[in-house]
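Heads up, the next two complexes both have chain A, just with different partners, chain B and then chain C.
On to the complex of A and B.
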């Protein structure tokens, strides 16, 4: 028997509202199936199951807002093989299944929107550290002692003389909508700048030939099948990461965890404001036309307000591109616990020296902001130069 | 003295009995089949020839009778070692232990003491079925007025008996049946050891695995496996089950902030439950995770090997519990 819980769809998520069940009790599900829709500060997200089995029962009713980690449904495993590699020796003492959660009594106090261990709570109280919004590394994502210790270390590194933060204001039910998304972005970016020692490198890529190649490729194709420079750029980031793994992964629990796969988060501005950066999965494995299709699909679904939990939770690096906004360059803020963000300015014709003469070339100014705990400028420079080389020479079929 | 490499737990217990008999004329051994048969687990083999039937006494199949006789002998100035074949059978003499041995000092206003040592086999793993396989240490650890110890190592099997005999009050020694054949190095000079303190058998910083008796080996094996996963487990051998050495347990848990208790007893009302409560009472503000327990399934221990193994705490379950506690 497995428990399907309210997932954490990013470091800043504390609670989610169940808006739709897509699988009913008794339905068979496979790992990866979308079984529910959850509304978060980022919008409605389709949540996928991590294990196959049969939906035994729903524990939370549509419309309820519950903290991350709350059991939403019981999933009966296929046969008995679902137990973790414990063998016959580990026949567990039968556990009484939790009775279906009664709807909370109106007026009852809300449970805290996060879990924190006693050790973490005491340590945080002693040092006036706010637990709200902190990412937990303990069981079921609980905030544990070392998480607070790291936050304290981060605060000391950042501002040795900073006064303690004021205590959090009384936490009401999580807000939704724009104000909530603003809060979420604020929490993530505040944490990023508090904890992550950023360094930056910049490089101008001469993408004249790339644009010519793309124009030739697109000349005979319908608009929907054309490959835009954005795909070449995202493909370049993904392919370069294969040789620079220290920019692909997460900094958690005091250490860097390289990610085994490359999921590039694509920053997408939402109509009406706000921002999300869902993942293109295995972006290094996709040929450019496939990558373009994946980006179209993702952008369409994001703007329609529907994307999947794995897309939100999975990015191992982020690409932010302000190509349509006409600025020269963007210096990104890393989305924790990622360790790097690549920025791209508008590709534009500029005076450039080629073979000793000033000529007009199309330039794209690339930047890298990376976590100095994990990598150094030397490697950052090599990585960004590799991104530029790949972007200048897109592989078209 | 058996000081040769490869001393077994059985030989270590025998050496302890022999030393006690040699050092103190008041010491004698009695129990079912301890004489001619040499003990049902062959612990006392050869002792009848060496010490004679006055001091190595076969008894009738009457636990209540011969434990009561042991209490009387202790009151009369002797230092009896009474062997009860298995803890299951000791239910027949629980009255003698609980209502007499444990109470006489208190009820006589300190005039009489009962310097009695009771050795019992305990635990499962030899396919002896439900009436010979249970772990009821917790019942004895519940009783004020006695001391309860569980030697889990060769050195403790060798050293705890003499110290127990020096105690003016009753001491129950639990010998796990799966340990008798365990072999290890024993210093030729090995002798009495304390019966007050728990021991850290393996230091670690990430989680405290707290166990005793026959589960120590499984717990150490689990700790090895956890080390391969990057989890450094500290293994505590309780050694003395009453009184519990809270200081050692709590010092460890305060350091690791996580506890897994491995106890071959049934979970409900277990020693694991007692230890868990004490940790919550004394270390609540140091905890990083709920306390995990790995206990026997709540069934009479089954006879078939695969079911018996499934009913008992095993390294895989200990590893799983430690991973749950550490969230890794």
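On to the complex of A and C.
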């Protein structure tokens, strides 16, 4: 018997609202199937199953907002007998009250909605720090000592001006829409600039030949089969990582964990403001036309407000690209707990020296912001040069 | 297909790419990408839709002729009525 829980879809997510069940009790599911749709600060997200089995029962009704980690459904493994009828009722469901005045996570008895190390619990108890709702930087979001220490520091910083305040999103129902997305971006970026010692390197890639190759490829194809330069960029980042694993993974609990697979987050600006950076899974394995299809599909679904939990939760690096109507360069802010972000400016014709003569070439300014706890500028420069080399020479069928 | 019909399809498909924009407020000589904040994937979606609806696959080399509403209407009518 497995439990399907409200997933954590990013370091800043504390709760989610169940808006749709796509699998009913008795339905068979396979790992990767979309079971439910959850409304978060990032929009509606399709949540996938981690294991195969049969949906035994729903524990949370449509419309309920519950903290991360709350059991949403019971999943019976294949070949296992059905559980006694008492099963579902035995799991209390903490619910965030819709009233803004009500403290959401206290009152009724409930299982702790967080995981924390013993040292963190002890330190929190000594200083009367509430762990519920706190986001941890340990494995699987567990709260570790340093998180509590930071919470205490934050309280001290705030103390002279104001009494201790609860974490912003624990004070009421989660905000929705643009305000919520702004909060989510603010939380992630504040954490990044507070915790990650960024360093930066930059390089101009001469992408003239790449644009010519793409134009020739696209000339004979219907619009839906055309490949945009953005796909060549994303493919270049993914392939370059093979030799530079220290830019692909997460910094958690004081150590770097390289990721075994390459899921490149693609920063997508939303119409009306805000952005998300969901992942293209195994981007290094996809041929350019397939990568283009995956990016196109993802961009369409993001703008329609529907993407999958695994896409939002697990990018191992991010690419932010200004596209064709931007400026020369963008210096990114790393999305924690990732350790690197590649930026690409708008490709434009610029004077350039080729074979001793100044000629007009199409240049794309690439940048890398990386976590200095994990890598150094020398390796960063080599990595970015490799990204540029691959972007200049896209492999088209 | 008449000019009015082609224009109606164009407006409908631009609306699908930039749903919150009131097209009547966009001067017909304005650059669509700037006026509607359409990026390269948005523009590609418009080209895919025009291919599906009108049977007109616009080559990339002709994209500059569709940068404004006026230019797009002229181009599509030229291709659409000739076909």
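What we mean here is this: the second predicted complex is superposed on the first by the 310 of 397 C-alpha atoms of A that agree within 3 Å, B and C clash if a C-alpha of one lies under 4 Å from a C-alpha of the other, contacts with A are read in each partner's own complex, and residues count from 1 in each chain.
Definition applied: a contact is a pair of C-beta atoms (placed from the backbone, for glycine too) under 8 Å apart; a residue touches a chain by one contact, two chains touch by 3 or more.
Just so we're clear, the structure is a prediction, and the values are computed from it rather than from any experiment.
*Asks:* Looking at A:296 after the superposition, I want to know if it touches chain B, chain C, both of them or none. Which is it: first, second, both, neither?
*Replies:* Only chain C is touched by A:296; chain B is not.
*Asks:* Chain A residues touched by both chain B and chain C?
*Replies:* Common to the two interfaces on chain A: nothing.
*Asks:* Provide the residue numbers of chain A that touch chain B in the complex, in ascending order.
*Replies:* Contacts found on chain A: 84-93, 117-122, 137-142, 144-145.
*Asks:* Could you pull out which chain C residues touch chain A in their complex?
*Replies:* Counting only chain C, the residues touching chain A are 18-20, 33-34, 37, 39-41, 44-45, 47-48, 50-51, 57-61.
*Asks:* Please give the residue numbers of chain A that touch chain C in the complex, ascending.
*Replies:* Residues in contact with chain C: 215, 218-219, 222-224, 226, 228-230, 269, 271-272, 295-296, 299-300, 323-325.
*Asks:* Please name which positions on chain B make contact with chain A in the complex.
*Replies:* Chain B residues touching chain A: 257, 267, 284-290, 295, 297-298, 306, 309-312, 314-317, 320, 324-327.
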